[in-house]
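One structure, pasted below without further comment.
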């Protein structure tokens, strides 16, 4: 266990170092930021999907909730940015608690209900009647605190945090009990695992990570519309990234996001007109031929994937 | 105004029953959510558009053509994707992603071949006249769409309860494993049912011009999400329940538009969540599905 | 340790200085790189592609004449257009704008269509001190006094759009107005402006409601509006909304004395093919080029000539966004011809110099200190049936008028 932990820490450290120094040699910071964002989100999704089997199709709801909670903290309470980022995470966590009853549902039912919840949240935030609070359809402008470098490194901290959370879950008894629940929740509860509590913790952590990421995104872009941070595409992209790498590990979502987001930008730049077509074909091929993600190739050879 | 809203809600709702029923049929038979459902509706709309503008074919005749087209398309898609998918660990979840990929491909192909323009079959196809119920006047196209929707529902019912294939389909919906044991050719029946699901979606697409405005390549996603809401409102996995879901959706939207217009698109989602939490089997469903 | 750090920083400084001199050096570039984005899919695809095509047409034109004259180098230099596909996604757009700035070192940055896709470019351009040529991003919050790095080239900010519409209604003493708008930045700001102006003038507003931008069926809404018995119905929406609204109006059998929608004046062919001539007859709109015919220009070609050339180039007659995309090219050309030095701030100063003096096929180009467009005005036009063909008349303001408004509509 200890050895595995150290190995995983090594990966986290390498990733952190890469993203600290990469901006000095490669200056498309937005690309690097988005890369970190998608890795963090894929890891966050991994917490709930990889370890409990609940597919949060409306994961973007937490992302948007985080972006808006942080922005409102900045605009109305005049909190400093870092505190506001935390408020973003807390706001998403709160939404997670409100949506806790959804965990009663299983499989596709949960996925759909979660999707509906994220859309409902979007329509509430974007509603013109709430303009005095959320700015309604006008969107948010955080121009006064715009700071791409500070927000870049804050995003890096969130990324590291998300990976540490996954590391902790993967190598702790808590993680084992989650996997036991995923396998068979009745047997697990007979064996003394508090099923409801374990699921709730994973759910809350997952929401928290998405909220922090959303808050960083808000700070980084500084001007956004409700449709930007509640776009269903974010959910879908993150799910595809996590699956591509392989869920239930730290390395899976990381590798998935690194490869696919690079690929995504590569087609966007080199073959823009076939962007969507190639992406769709890639997803289909992936599901048909590599349903457990690319890290499963190693796992099948009995190689441990952190 | 109240009367008008109710009547419009019923007609609109029956149409939305038609929009959702194909998705529900496929879910019932295969336990898979066809995330490309809305894109098949879009394909139906584009088919109707081209038939109308190139050959002057009336949308009512386009139904027959789309039945043939989507029957073959459905069977082909089924055999390419589904058997392989069923062997995987978690077909329910993976199919989600696969159909998302498919929806991207369909949308991209349509854009690459036809561009991004909105397209319409003019509502004057069925004449400019209106008809009135209880003193409320409605466009004649609404009446035609309503009649088509009702006929489709009758046909689906007849298929389920009065044909051999329909019995087999219901058996698979009840239990895929038992059907396998009892000697039903599950793949063949499922492939046919999948095709029917696509045909139903395409019929909804053919009439989309008269109920939900112009057609365009990216209209699918939104329709898929609305269809979700509708089938959950009715009963997931029970196609006939979709009619109820559609009616509730139609009435709810029309009432919200009349009395609280800016909140109107929030309602279906709130309804959906509420029903999921308090009556997860749907309004008329029987089996409880909770973890 | 200390040595290592100083080594690191000195090498860093070296890299920074080196890259700075290499990018901003005095050497004459072999091409002028214009970087822009477009969306081939998603909600903005149709509009974005039209705008992009207009810009491409301009590039094609200048390059066939050997490029554009750059005053700072006293030389003609060809244009190279670098364009990426953002798929209507703002997150993708942010990375792609950054790509244009930092990797491709685009000399001129042109925004994608509309406020949503322009929004992420504004802070990036400011951060990297690159002048953003904003073509159609009319959101008011992009234009702030502390940001010299943005210029809106085509349309006034959306809050200003209904100025003439309000005057028209007040002047013609039309009372009892219904306003229905889609809840997004672009439409809501118009609705609020119109609402306030009419209220101030004592005009009775009998219906004032927002609907979601995804609304695709207006049948019941139209009956709710009819129940209030207004003389004029003003609908502010995106193209999808306007199409659905006019289609539903046509098939409902309802009649109003005046109906106004936004997009027939911008995307006339699209609206006509979806709604039909009957559906547009006697409705009002904001006309834009090519419906508005500006032929007396002092920069580029007039609309007649443009229409012919564009048709020869692309096989299709141009729409407004083609004109807007072409127009930004003209402004870029004028900027390079005017700026004494080849850097972003002198580009901005050059624009300040010719602002208000340049008249293109898109109308008067005039920006305020914040970079927002104030030169163009949006007149009011009405479609009428003449010899069973659809014809457009400009009915307001007086000095542009080609015919009197047919009010009430027959």
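Think of it as A, B and C in the order they're written, each chain with its own count starting at 1.
Operating definition for what follows: contacts are C-beta pairs under 8 Å (C-beta built on N, C-alpha and C of every residue); 3 or more make two chains touch, one makes a residue touch a chain.
Quantities reported herein were computed from a predicted structural model and do not represent experimental measurements.
Engineer: Using the definition of touching given at the top, classify the network of chains in this structure as line, ring, star, complete or other.
Structural biologist: Graph shape here is complete: every pair of chains touches.
Engineer: Taking each chain's centre as the mean of its CA atoms, which one is farthest from the centre of chain A?
Structural biologist: If we average the C-alpha coordinates per chain, C ends up farthest from chain A.
Engineer: Taking each chain's centre as the mean position of its Cα atoms, how many Å separate chain A from chain C?
Structural biologist: From the centre of chain A to the centre of chain C is 35 Å.
Engineer: So, what's the distance in Å between the C-alpha centres of chain B and chain A?
Structural biologist: Centre separation, chain A to chain B: 31 Å.
Engineer: Could you check chain B for residues that touch two or more other chains and list them?
Structural biologist: Residues 107-108, 111, 262, 265 of chain B touch two or more partner chains.
Engineer: I need the residues of chain C touching at least two other chains; which ones are they?
Structural biologist: In chain C, the residues touching two or more other chains are 40-41, 183, 210, 212.
Engineer: Can you list every residue of chain A that touches 2 or more other chains, as numbers and ranges?
Structural biologist: Residue numbers touching two or more other chains: 123, 127-129, 273, 275-276.
Engineer: What residues on chain B touch chain C, complex-wise?
Structural biologist: Residues of chain B touching chain C: 1, 4-5, 8-9, 12, 107-108, 111, 115-120, 122-124, 128, 130, 137-139, 141-142, 209-214, 216-218, 222, 253-254, 257-258, 261-262, 264-265.
Engineer: Along chain B, where are the residues that touch chain A in the complex?
Structural biologist: Interface residues on the chain B side: 27, 31, 33, 81, 84-85, 88-90, 92-98, 100-109, 111-112, 221, 225, 228-229, 232, 236, 262-263, 265-266, 268-270, 272-273, 276-277, 280, 289-291.
Engineer: Which positions of chain A touch chain C when the two form their complex?
Structural biologist: The contact residues of chain A facing chain C are 24, 27-31, 33-34, 37, 123, 126-129, 136-139, 141, 143, 146, 148, 217, 221-225, 227-228, 231, 233-234, 264-265, 268-269, 272-273, 275-276.
Engineer: Write out the stretch or stretches of chain C touching chain A in their complex.
Structural biologist: Per the stated touch rule, the residues are 12, 15, 40-41, 83-87, 89-92, 94-99, 102-103, 115-116, 119-120, 122-124, 126-127, 139, 141-142, 144, 183-185, 188-189, 210, 212-213.
Engineer: Which of the residues in chain A end up touching chain B in this complex?
Structural biologist: 55, 57, 101-113, 115-117, 119-120, 123-124, 127-129, 185, 232, 236, 239-240, 243, 273-277, 279-284, 286-288, 291-292
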